[in-house]
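Got a structure for you, written out below as structure tokens; questions coming shortly.
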Amino acid sequence: MADAREMIVKRVAKFFRPGDLGNLGIGMPTLVANYIPADKGVMLQSENGFIGIGPTPKAGEEDKDTVNAGGMPVTIMPGGACFDSATSFALIRGGHVNITVLGALEVDEKGNLANWIVPGKLVPGMGGAMDLVVGAQQVIIAMEHTTKEGAPKILRKCTLPLTAVNCVDWIVTELGVMEVTESGIVLRELAPGVTVEKIQSKTEATLIIPEQIGAM
Amino acid sequence: MADAREMIVKRVAKFFRPGDLGNLGIGMPTLVANYIPADKGVMLQSENGFIGIGPTPKAGEEDKDTVNAGGMPVTIMPGGACFDSATSFALIRGGHVNITVLGALEVDEKGNLANWIVPGKLVPGMGGAMDLVVGAQQVIIAMEHTTKEGAPKILRKCTLPLTAVNCVDWIVTELGVMEVTESGIVLRELAPGVTVEKIQSKTEATLIIPEQIGAM
Amino acid sequence: MSKIKTLDEVAELFADNQVIMFGGFLAAGTPESLVDLLVKKGVRNLTIIGNDTSYVDRGIGRLVAGRQVKKAIVSHVGTNKETGRLMTSGEMEVELVPQGTLAERIRAGGAGLGGFLTPTGVGTIVEEGKQKLTVNGVEYLLELPLKADVAIVKAWKADKAGNLVYRRAARNFNPLIAMAAKLVIVEAEEIVEIGQLDPDEVMTPGTLVDIIVKA
Amino acid sequence: MSKIKTLDEVAELFADNQVIMFGGFLAAGTPESLVDLLVKKGVRNLTIIGNDTSYVDRGIGRLVAGRQVKKAIVSHVGTNKETGRLMTSGEMEVELVPQGTLAERIRAGGAGLGGFLTPTGVGTIVEEGKQKLTVNGVEYLLELPLKADVAIVKAWKADKAGNLVYRRAARNFNPLIAMAAKLVIVEAEEIVEIGQLDPDEVMTPGTLVDIIVKA
């Protein structure tokens, strides 16, 4: 599973272009930062109030005021900038974030996303997720292809309460890379050793299979 | 006339209490600052972007970036603070300005104010006036009691396009001090040598005359 | 009249049933001495408004754990298991608001706006009970302003006039709540003389601040 | 790829019919070299959005005097007699907007909001053609966001990543327009290396800025 996650985050990292401002969700998306070359000119936003997330500080060098949106100590890169929460979400909602990477409980073929609540079981609150998926120019879902029990998470129609409608642009899993289009979910890349039949068998939505499928 | 203006602005200055944030309009209202004692703890806002308007700088010591809302060089007092225009008007609209002092073309007995346009003749734009009179906790009109031609400016009903409805709290002229209440305009103070009959004769609205009238 | 007060003087100002806005994101930027005071005084039936309910033993989370909160208006409660428990048992009301909407609602409260239109939450359960407006073909939710009786603010530096400077990610909701409450109480790490802060570095003008205590 | 360009390179980016937001309040905080460029290039039929039309011979007012402007969305035109003349003769359209509403409309454009409710202008000619909403018994106007093709921004300091610091009353509309335009061009008095600005003193994050020229 560690390999699956590594494959996912490495692939997601390739979406970033020089000059992009990115926002990485808590959990697996955070790991994407490790695979974006430092010299690529990508800046990362921490929605609690700054741009320019840098590496984790050494033990003993943590600064109580410099933490990420998960509350973990980080550093701020040279060229970073701090701001208040209204400005942070003005940046997000206003389309100034180029890419956001988030996990998902469910995604469907309309690009609907559910990733913040399982009624009666898990009610952590939506935090900044609803604003991020509405505001960011590109929304990339980074997740394992199925639940731990093997049930599909890419559905014809989400069953859980939504985070937003029609917001997802790309889905990256350990099986492949999928683009959400107006016609449905198009399979763009397959992971090594994965066939179209295999990825479809683990996906409830019917994947659109183009003539050319790349290697992930 | 210089004496009239001096009497008006001196009286207006007495409305300010320690800790107040004030905003003075361009023209006669600006002169009010000269009569607020420096040690009174009153701060003045310049709506182009700071709190803490200080005295005019000496010739040669002007700073191109430190100007008031009329574009004139000023200074910023110790304890002042700068901000952008959205924040400046968040302060104004949000009720964080205690007193605003403005001139008027017309005021009426409902507290309606007209002070920004004479259609076809004078169309300078409302600038910050509409926000100021809606947002400030107290709106004080400082003006000469009549037009240069002697026509009343305190009317039963404004004839010019309004700046805002029901916004004026006090009117200070060279003849007296009037409070705008739900019942109408109450005469609170008379200038030296001015009688009730005289001020009423120069006022279209019917003044409410209380038992006690103070000396201005 | 000095704005600098002792914690004992400030304790007098807190009361049951108050609506309190607090600065902080998880525990960064929350005035811990003022929370100590609220815990110690034991005021109850509070409505708290801020980003999250932090942790059981840190920041505003301590008020939740101590059952002092009647209602929380926040964007996230996942780090405080007591919030989840009290919410599920019905002992505490929780209004979950998207973080950007929450920040903007507080800003609107402080800025005298009657509300704003946001695309966030359209098509989700967040839209329940809210007016929807379509502008230029796009659907928006009308979200309403939030205001409070008291704001408890954490600053890095304050001058004696109340001008505030925040540091790094500890800024978060602090400048917003300082505009939106009747009474603004600041806990500052450092208090400096008037004139020691450059007007351009001030993040909250002193006229908004009523009281300053030393952290 | 460096954000620092020459005025010649920037000249290529201006074109007839553009919607241009400009920083400045009267003439303080307007990028005069960029206005020079617009005058020199002679682009026409512009829509300009900013606080005021300044003076005939200073700031954005020079574009008005040169008949380069089709429409101005501003709060004040009283200091530029050409604006009044062209407005009266019908040669230029002027939309007068209360200053706080103008600032908030630009902010809304940059912040992805669909509009906001303000009490300013209720009961005046400003409300003509606008939707009115009553919230909690109070009447508000629904005001809509403003966006632009280009923002011309004046900064005091810029680092090479585009992070900006403004000075005193020259800040005004500059940080707002830097959020609300597709292309953000900054004229800076001083350009410093990355790392020379403290993250807490930055007033506009560099990711918003496309191009920097030296004043």
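Per-chain numbering from 1; labels A, B, C and D assigned in written order.
By definition in this document, a contact is a pair of C-beta atoms (placed from the backbone, for glycine too) under 8 Å apart; a residue touches a chain by one contact, two chains touch by 3 or more.
Worth saying up front: this structure is predicted, and the values here are computed from it rather than measured.
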Among the other chains, which touch subunit A and subunit C together?
-> D
Have a look at B-C versus B-D and report the one with more C-beta pairs in contact.
-> B-D
Chain centre separation in whole Å, for subunit D relative to subunit B (CA means) = 29
Quick one: subunit C and subunit D, Cα centre-to-centre, how many Å?
-> 32
So how far apart, in whole Å, are subunit A and subunit B when each is placed at the average of its C-alpha atoms?
-> 54
If you average the CA atoms of subunit B and of subunit C, how far apart do the two points sit, in angstrom?
-> 34
Multi-partner residues of subunit A (at least 2 other chains) = 50, 76, 82-83, 89-90, 92-93, 134-135
Return the residues of subunit C touching two or more other chains; collapse runs of consecutive numbers into ranges.
-> 104, 107, 111-113, 118-119, 166-168, 171, 199-200
Chains touch in the following pairs A-C, A-D, B-C, B-D, C-D
Show which residues of subunit A lie in contact with subunit D when the two form their complex.
-> 18-19, 21, 41, 43, 50-52, 76, 78-83, 89-96, 134-135
Of subunit D, residues touching subunit C in the complex = 104, 108, 111-119, 133, 135-136, 138, 140, 142, 144, 165-168, 171, 199-201
Parts of subunit B lying in touch with subunit D, wherever the complex brings them together = 46-50, 63-71, 76, 82-86, 88-90, 92-93, 112, 123-131, 134-135, 161-166
Residue positions on subunit D within touch of subunit B in the complex are 25-29, 51-52, 74-79, 84, 87-88, 96, 98-104, 106-107, 118-126, 156, 166-176, 203
Contact residues on subunit D for subunit A in the complex?
-> 1, 107, 109-113, 159, 161, 163, 179, 194-195, 199-200, 202, 204-208
